[in-house]
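Take a look at these structures.
First subunit A sits with subunit B, and in the next complex the same chain sits with subunit C.
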Partner chain A sequence: MYPRPIPENAKVQRALYLGGVTLVVILWLLPLLAVMLTSIRSNEELMAGNYWGWPQKFSLIENYKAVFEQTAMLRFFLNSLLITIPSVIGVLILSTLTGFVLSRYPFRGSNLIFALFVGGNFLPAQIMMIPVRDLMVRLGLYDTIYALVIFHIAFQTGFATLFMRNFIAALPGELFQAARAEGASPFQTLRHVVVPLVRPALAALAILVFTFVWNDYFWAIVLTQSDAVKPVTAGLNNLRGEWTSAWNIVSAATIFVALPPVVMFFMMQKHFVAGLTMGAVKG
Partner chain B sequence: MSSVELRKVDKHYAGYHALKAIDLEIEKGEFVVMVGPSGCGKSTLLKTIAGLETINSGQVMINGRDVTEEEPGDRGIAMVFQSYALYPHMTVAENMGFGLRMANRPKAEIDAAVKRAAQILRLEEQLDKRPKQLSGGQRQRVAIGRAITRSPEVFLFDEPLSNLDAALRTQMRVELSSLHGQLGSTMIYVTHDQVEAMTMADRIVVLNKGRIEQVGSPLELYANPANIFVAGFLGAPRMNFIEAKVVSADASGVSVAAAGLPAITLGDIDASGVSAGDAVTVGIRPEALHLVERTESGTPAFSGQVRLVEQLGHETVLYVDASPLQATNSDSGTGNFTLQLNKVSAIGVGAKLQVGFETGDAYLFGPDGRTLTPRKPVAST
Partner chain C sequence: MSRLWRRNRHWLTPALFLLPGLVLFGTVILAASIETVWISLHDWDGIGAKTWVGLANYIELADDPQFYVSLKNNVIWLLIFMLAPPIGLALALIVNQQIRGMRILKSLFFVPLVLATVTVGVVFGWVYDPNFGLLQLFFSSFGGTAPALLSDENFVTFAVAAAGLWPQIAFCMILFLAGLNGLNDDLIAAGRVDGARGWRMLRHVVLPQLSQVGFIAIAVTVIGALRSFDMIAVMTSGGPYGSSTVLAYQMYQESIFSYRFGYGAAIATVLFVIMIAFIAWYLNGLIKAERSNA
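== the complex of A and B ==
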């Protein structure tokens, strides 16, 4: 079966394998390394062509200070938070509701609705670029934060529903029957039984959606124009225009922008509790 | 007034008739056990009483109130599930108080109810633990406690002991019986285990293929099964059945014979139901078979060879090959007869022996499976 372990005594193969893995990992991390390195270099050094060598002078503080003092990154960062956090919350709430109903309360046409949610994921969202932009213009939401929040909630809920529906469907059915027999309303069941038990799923979904929305560049430039609403991704592009030669500042801004998804991951990590449903039912 | 009453309850699934016009009345404070093989509809019937399953036609009454259209939470029932169905993220106390909390009862009332239930079930030490920290027996007690706190009019148990090991099952059986005595509530208990049915029930309801086969006290059902299904279902080891032919049927009785068994006459039978040549079944319980020195004329007997011996200490179960005479529907499934002796026996495998029984102990089942033999006295308790 794949991947087959390499026997302990096959020294040559082991060395080759280790070498190959190391090479791939270095290649994989090289761009990140370059950005990190550049973000602590001075501009003069970059002009002089020292891209990969050891920095002669560390300008870590200066570069990052410049990001906040000389660019609008803080504004973009705030915009990104204003777009991403409501989107994530909206997606989590909607997909928990839809997932709960679709997994536990079958009704006429529920399978069709579920199929639509799933099928929608297969369409490349980009084909809706023009209609979505037109819609937002007509709604008077174009170039506002709402445009991006509404769009992301609408488009992420499809996948999120599939995710939550399957997770809730995997919970033991007798828990729901027990709650019902004890007089819990569907909403009480959702709040007191389902939500605590799907916490790991919600945490995973929160990270996925957060990362996707935070990193989105395409819809940011389709639906926004002014600096007052642009998220960080579109903002970084601005930076490049203004500071064509200041790659050290752009790199520092990039690192700054990449941090929130990492922070998000560590924040959500404690919710990944293995075997949360253990003890609910035997076996 | 009866506590639970079912009137012509009918339930269909797609292409499957799960419950066929079930009529049943359960008295207040009764312990009723519904028993039957898998797929007989017993769990479905329990869930229709709970309201977890809808019914296609008929009525469900609880305490004289028609609850057919009511939600489970409004029916005054509490259910204990086979898998316990405890909420894993809540403590034992939170689990037991869940129903009252959902009904927004004052905290003091919830605490008092939880404390009382914990006392009854000896769970005081466990109240702050989570279900996964408990043993199987404790979890089952928490599930029962969760039912008690709501002080329901009717307790519903869906095979609550089948996930426990044998020793714990016996212990919980006793505890449940004494709990019933203590609370005096109506309890309806579903199981496929006929030992649980016999030991716990005030009345047993035997179900088969979505129909009630017979309702009665355990000993009544044991002594006077209405048909071959009930006769075969209750009793361990199971009843021996012999497929036989009617030789003659008249006012003096019905005479039957089978290959390997000389004709025997069973008296006091209404012979109008059968006529000579009909295929009938003779049933004889393992404990009614005994060893005889030699075949005496007049008492039915056959000879056979021991194939297997089960020593249980206080009793011995022998599986006897009596070919050409075949026992159908026997425990061994090989056509061997099952004999139960109330003592330790030195008989070993391969021993040849004579087996006899009294005609008064035999049952006769007609071609349609109904019992033809007259009522037998029920052992008094």
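== the complex of A and C ==
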């Protein structure tokens, strides 16, 4: 291991080291901690200029209640769920299929197709913005949740195909030979061999895609405009414009937006890290 | 029909499996990207008919001072983002100790990565606020006053890019931690026997083993820098006076606000070409790395 591990029996050293790292973490997260602190402060205190001192009065419940009752954040939050969950499911289904075929049924041009999936994934969003927006307008889907769901499924399928193809290619080949020897059709192979084995990969992929889609801002502002369909990211930015002096409310809304991906991350941390490094390292 | 199916199903089923993903990705992502190049040769307000103008959009772009501002800012983003791999490596080295409690600290380091860029933008909007931000707190503790970074044409891009660095460092840190996990213990032990320590050990024994991960960290960082849009949209809207735009943002502005879709498409195409050059370099590097491994 590098750096050299601090020996188990050097208790004091270990404690000091941990304390030092804790200090670095606090500094690292200070901007976020400041927002959290502001989100529990009362408006009067902010008016009086107490931005950094210990709050005299905790307004946690009032502030978050105001976010739910006086702003459209709850609506945006629901929209985000309605956009993100179908997108994740769609990506998982499509990429299991494409990954399976591209890893187990080599044909002329299969490498080219794979390269297109991988390469397309690196494209900047702006290069496809105008035609995608135009397409959604022509389909009558502009400013609906479907526009975002369709786009996110399409785009994330690129990365997800790379991910699933690598995972399925790494499964033991004997399983597939055995399935073929027993005369299993491709569909049966998919159902009885692939699907049971790719569950860990699907979990990792699900959390990654969830985070990517939930956090999207660009497509939210390109493909939607009304509050009824806007996701939280676009909603938060609007809120900031409307509530310029009510920092405590905006802070509470910010924390509210950040919560789902952060909670998901802590719940499925191992999958998240494994997915990200596998996707990147093998990509 | 059923005989036809049975005779051909060994290839028909896989083809049907591949089709939905391929068609969706092919039309929405790939064909759209190519269509943008086509649109860039037209004058178009986004609603009416397109008028063919040849290379006129590109000629105009070559004379557009805003284009050079964006290009310069893209370079600034790229340079600042290049700090992410070394800082990420440093943080990875710091937390790579097996001490009780280190795991939770590690995950706390990753938090900026899962935040939406909008959230990061809002958070850093406060950090930079000249009246009560963290930066002001820092300056006033030395008796100074904080500069209003986001309204200063000379500093604004540096300030926004520095905010964007926050999640990027966390990303690089995750990659390097995976790399450190895969170090060859025998080589490290041999280095120790030879008396290599600290910096020399890092330089001559550890870093060579991290070259592949380092390459990936640099690649994702370059892509991250070129993709910068959200932070600018949230923190400055390209201002003050258009001084903080990048190609991605200028393209958005020209199309959505000015209804100049042809011109916007031309900017997107330039960004596309830069990205293609980079992707070619990246894939070339990957292929080389794979050959040297084999």
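For this structure, a couple of remarks:
Note that in this section the second predicted complex is superposed on the first by the 237 of 283 C-alpha atoms of A that agree within 3 Å, B and C clash if a C-alpha of one lies under 4 Å from a C-alpha of the other, contacts with A are read in each partner's own complex, and residues count from 1 in each chain.
The rule is short, and it goes like this: contacts are C-beta pairs under 8 Å (C-beta built on N, C-alpha and C of every residue); 3 or more make two chains touch, one makes a residue touch a chain.
Since the model is a prediction, treat every value here as computed from it, not as a measurement.
Counting the residues of subunit A that each partner touches, subunit B and subunit C differ, and the larger count belongs to C.
Touch criterion met: A:Leu175 reaches subunit B, while subunit C stays clear of it. Legend: residue contacts after superposition of the two complexes on their common chain; A:Phe58 is shown touching neither subunit B nor subunit C. In the superposition on chain A, A:Ile6 makes contact with subunit C only, while subunit B stays out of contact range. Of the two partner chains placed by superposition, only subunit C is touched by A:Trp28; subunit B is not.
In the superposition on chain A, A:Ile153 makes contact with subunit C only, while subunit B stays out of contact range. In the superposition on chain A, A:Val257 makes contact with subunit C only, while subunit B stays out of contact range.
Shared interface residues of subunit A, touching subunit B in one complex and subunit C in the other, are 185, 276-277, 280-281, 283. Across the complex, subunit A is touched by residues 9-11, 13-15, 17-18, 20-22, 24-33, 35-36, 39, 46, 91, 93-102, 105, 107-112, 114-119, 122-127, 132, 134, 137, 166, 171, 174-175, 177-178, 180, 183, 185, 188, 192, 201-202, 205-206, 212-213, 216, 220, 223, 226-227, 229-230, 233-234, 247-248, 251-252, 255-256, 261, 264-265, 267-269, 271-272, 275, 279, 282-283 of subunit C.
Of all residues in subunit A, only 1-6, 14, 17-18, 21-22, 24-25, 28-32, 34-35, 38, 49, 51-52, 94-95, 97-98, 100-102, 105, 107, 113, 116-117, 119-120, 122-132, 134-135, 150-151, 153-155, 157-158, 161, 185-187, 190, 211, 214-218, 221-222, 232-234, 236-237, 240, 247, 250, 254, 257-258, 261-262, 264-266, 269, 272-273, 276-277, 280-281, 283 touch subunit C in the complex they form. Contact residues of subunit A toward subunit B in the complex are 172, 174-175, 177-185, 188, 192-193, 196-197, 276-283. Interface of subunit B with subunit A (complex): residues 47, 50-52, 71-74, 77-79, 81-89, 98-99, 102-103, 130-134, 136, 139, 146, 150, 163.
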